[in-house]
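Please find one structure pasted underneath; my questions will follow.
All chains are identified by letter, namely A, B, C and D, in their written order; residue positions are counted from 1 within each chain.
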Amino acid sequence: MTERKNYTASELLAVMSGRILKDGQIVFAGVGIPLLAATLAQGVHAPGLTILFEGGVIGPFVVPGELPPSTNEQRCTRRANMVLPITDVLLLLQRGYIDVGFMGGAQIDRYGNLNSSFIGDPEKPATRLPGTGGGNDISSLTQMIVAMKHEKRRFVDKVDFITSPGFIDGGSSRADCGLIAGGMFRVVTDLAILDFDDDTKEMKVLALHPGVEPDEVRDNTGFDITIPDHVGRTDPPQKDELAVLRNLDPERLYTA
Amino acid sequence: MTERKNYTASELLAVMSGRILKDGQIVFAGVGIPLLAATLAQGVHAPGLTILFEGGVIGPFVVPGELPPSTNEQRCTRRANMVLPITDVLLLLQRGYIDVGFMGGAQIDRYGNLNSSFIGDPEKPATRLPGTGGGNDISSLTQMIVAMKHEKRRFVDKVDFITSPGFIDGGSSRADCGLIAGGMFRVVTDLAILDFDDDTKEMKVLALHPGVEPDEVRDNTGFDITIPDHVGRTDPPQKDELAVLRNLDPERLYTA
Amino acid sequence: MAEETLVLPHLELRRRTAERDRGLREKVMSLEEAASFVSDGDHVALGGCTMSRTPTAMIWALVRAKKKNLTVSRSIMSSEGEVLYGSGISEHVITSWFSQGIVWGVSKVMRHYTESGQARFDEWSHMSIGLRYRAGAMGIPYMPVRSMIGSDVNARLGDEVKEVTCPFTGERLLALPALNPDIALIHVQRADAYGNAQLDGLQFMDIDMAMAANRVILTTEQIVSNDSIRRAPDQTRIPFFTVDAVVEVPYGSAPHECYGVYEPFFNHMDALAEQTKKDPEAGIKKYLDDFYYGPSSWSDYLDLLGAAEIVDASRRGRSIYND
Amino acid sequence: MAEETLVLPHLELRRRTAERDRGLREKVMSLEEAASFVSDGDHVALGGCTMSRTPTAMIWALVRAKKKNLTVSRSIMSSEGEVLYGSGISEHVITSWFSQGIVWGVSKVMRHYTESGQARFDEWSHMSIGLRYRAGAMGIPYMPVRSMIGSDVNARLGDEVKEVTCPFTGERLLALPALNPDIALIHVQRADAYGNAQLDGLQFMDIDMAMAANRVILTTEQIVSNDSIRRAPDQTRIPFFTVDAVVEVPYGSAPHECYGVYEPFFNHMDALAEQTKKDPEAGIKKYLDDFYYGPSSWSDYLDLLGAAEIVDASRRGRSIYND
């Protein structure tokens, strides 16, 4: 990451995760990077992508410069197709209507488990974090994309607390718990795109972002991570992608 | 019933059952006699009585001469306080918001069980009746008033089929089945008002209507029925009651 | 596809849902095209209740397309149930009450087909049917309930219901099996080309049914713009991604009512009751010949109902907004 | 009255409901009178979510009335949770997410009280809280769910959740305990004097909460006539008989938003976040002194918010209807 780039780390995150979304999919998105990425995808390659917010919103229209402060305020409902109670929008996940859950993460481990509840011992935490919100339900009930900064303290061997389940202890342990559907699909960071081994369910590198060397990923990951010899390479963010993003967030509240 | 009366049997039913309803109660009512009786009660002594229909209606205003054909058409929603889905209006019974369920009956037995499904052997019925509608739910989940004509073929020792549960086999059998709330409160006929023994849960006569002798009840009941020596007597329908009724149903569709 | 088991295993339900094209796309078509979404042997759920928002036009198209062996569920069946039996497209209905309507007494057609053993009528309590759709809509395999217990309605259902115990209170409850119909037919006042539907007045069990079903055919009095839907998103009751076909059919519930648009065609219903009184089978067959097989289009069907009757039903329908 | 058991036995729930005066009657009163419906030790459920339709005015009245030992549940807690902890009226909240809002980072006040062990924050998944209210609303003691399983959120709840097996499919699910709050505080755009409430836009968990609770205090931007409610009965979301008190409180959610009426007072929220950053306890106490104990009336409170801010929040609030 020594060369000068014409985009910020957050913009890279938004672009790279937006590209994973497919036209026609239904995406349950958090605010911040996920919402930016999903809206970007709509504008670039997935006009028929549908966004859902946990506040109870289906198919809204995000007004550039008026990004919602959370998924629970009226800005989220701007020109939406439907507004419904929280419980019912979350039940769409349980019913199986949602293709992808898409959120940020504070701490993730080798098996894709996320922690947004406690740093340190939950009985005497160093930090009490805000908690799960819809995260636990989304990650329990659908396939997940997580976008987060790639830092050693965030990529740990074992999270202090499983707030949102990934593959638990790997292998078949997720299904064995009773979580028979969903699971981690991709983790997108400012260094790489990561996926999970089919059998062991361990996180591994799928592709490196432009200018990123394998060691940079290793150095910023708190556990041994597999990087295949012939690992993929992502294409750098394109002008049109950055233009759409910057129009959405002109004050760079989420992409500074 | 030899003297000339200035009211029909159906009017007698409506008046006598309407009197049982109390101001401030919430009544789940079927169309026909129950709706007439509840609306009559609102007009005479219970202005704060709330009527609910199983189609999903809370607190409607019945327009005289425009009685609804069932509980599921728009006429039922005339100036209602609230309209909601069927399942949710029925769930109010399960939650315990409803004081009284009030319906008609085709066949009733000694323990207040109602049959509106089969006459004869259910496997080879002489008559397939329309079925329970909301009756089973209402009688399972709240206290019941039933209004029906007093005929031997309708008041039987044991119904051919329990569509809407009364006290099942009497005693504690209703609660033993798992129906821990509700139960039969009153049966109103054109001959008498009937209630149920606290212990045995057998039907008995609470009060006879004007001009009705105990034997007339016995002759029209298909099982041995207890008539206490000092049985009560109801007051005849009053002018104001009949006036309200006739205004509601000027064509006597339900009170002929 | 027919329901192979009483309750679809969750992964199978998900597989079928994932296969559907749930993207935002236009799906307006004719009644005949929409009818092709229904396969012989399907479980078909009908929206509305008794004489309200019955998907008459879609049933009309299914009868004309000579569908077979349908299992049909609805909160309460009215004359459309007689049509199902009489036409032979269904010999198996699941409902809580079945007759034309209280004012016409017990349906002679229902009696004829069920008492002779030609057709099956599975009786559930009203709320149980609603909660079965609701469990299906929620993606859970059963719903605990305090109703139906102790009655013969329950007993007659055999293994289709089970007793469960609350792990917190120890209370005994009944477990109702989730119902995820293969297809739901729902008639509404307005929807857009994508299938976002807004309903006025009584909603019955339609929303749960749409969420539960594996496909939805929406017939609508009127197709409106997506813009007009988006202007009042809190009025949308059925989201587009549950819907597979949108058909604009004015008077699509006639001779039943559509809230705020028209009341039932009572004269038509009186005539049907009269015609099926003496010889129910001949009576309903003649009704089908006259109103289902005879007309060459839905417009022709409306012509047979008669303009004066349509005008009168519409006047009564709109009157709900007079107060 | 406090919840004696995790799930109220059904007959006890019914007894409490039967005791309430559920007749059609006027129940308009002041914030102070309504506060008397809340007893020390009660489980209080809050309507709205995060910064939306928070029952701020009613919480304001409860703080001023010096309530004690309240257990408070809500879908997501924002700054009202900081007020609960700081004022000491509650040392126990049940929610899925707790901070002022994403843009202000982790709440220092929440951290201070929970990390020091002065207050308890029970974390459930978002949907689980919703389904607990829903089970309570439906009159069933538990709701099966496919979420929360396998996570430490689940593990940490211990005996408050149980595993159940579907009697039809054999699938393992989690049983969530029904939640019937002693009282729910809900803020709406309009209601009549009887308590019939109509809600615009996002509904959150309010309807289930109202149905589940043993009492409801409704605060409303505006009291409207029963006639206007009856003109659109399909817009009524909370029926009068669940409601015990109706209080007209314009800007009753400020500094949070009320859909279509005003957006959040962002400057006020910024200032609160700043003020609680260094010394959270002193910061929130000063906030309470200034905005909760200081003003002599709700009008005085609005005066402190400032007319210019009110006008700006209202302009933004109404803008949702511009499209």
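In this text, contacts are C-beta pairs under 8 Å (C-beta built on N, C-alpha and C of every residue); 3 or more make two chains touch, one makes a residue touch a chain.
All values derive from a computational prediction rather than experimental measurement.
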item: Cα-centroid distance, chain A relative to chain D, in whole angstrom; value: 29
item: Intercentroid distance (Cα basis), chain C paired with chain A, Å; value: 40
item: Centroid spacing, where centroids are CA-atom means, of chain C and chain D in whole angstrom; value: 38
item: Residue numbers of chain D (touch at least two other chains); value: 10, 139-140, 145-146, 163, 171, 173, 201-203, 230-231, 234, 323
item: Where chain A touches two or more other chains, by residue; value: 57, 77, 79, 83-84, 91, 94, 180-181
item: Chain contact graph, described as a line, ring, star, complete graph or other shape; value: other
item: Interchain contacts, given as pairs of chains that touch; value: A-C, A-D, B-C, B-D, C-D
item: Chain A contact footprint on chain C (complex, rising order); value: 10-11, 13-14, 17-18, 21-25, 137-140, 194, 196, 211-212, 226, 229-231, 233-234, 236, 239-242
item: Complex interface listing, chain D residues touching chain A; value: 49-52, 75-76, 95-99, 101-103, 106-107, 110-111, 114-115, 121, 123, 125-128, 130-131, 133-134, 145-153, 156, 163, 171-174, 201-208, 257, 259-260, 263-264, 266, 317, 320, 323
item: Residues on chain A engaged by chain C in the complex (per definition of touch); value: 23-26, 48-50, 57-59, 61, 77, 79-84, 91-92, 94-97, 99, 180-181
item: Of chain A, residues touching chain D in the complex; value: 31-32, 54-57, 69-70, 72-79, 83-87, 90-91, 93-94, 117, 122, 125-134, 136-137, 140-141, 161-165, 168, 173-174, 177-181, 253
item: Residues of chain D defined as touching chain C within the complex; value: 6-7, 9-10, 139-146, 162-164, 166-169, 171, 173, 175, 177-178, 200-203, 230-231, 234, 323
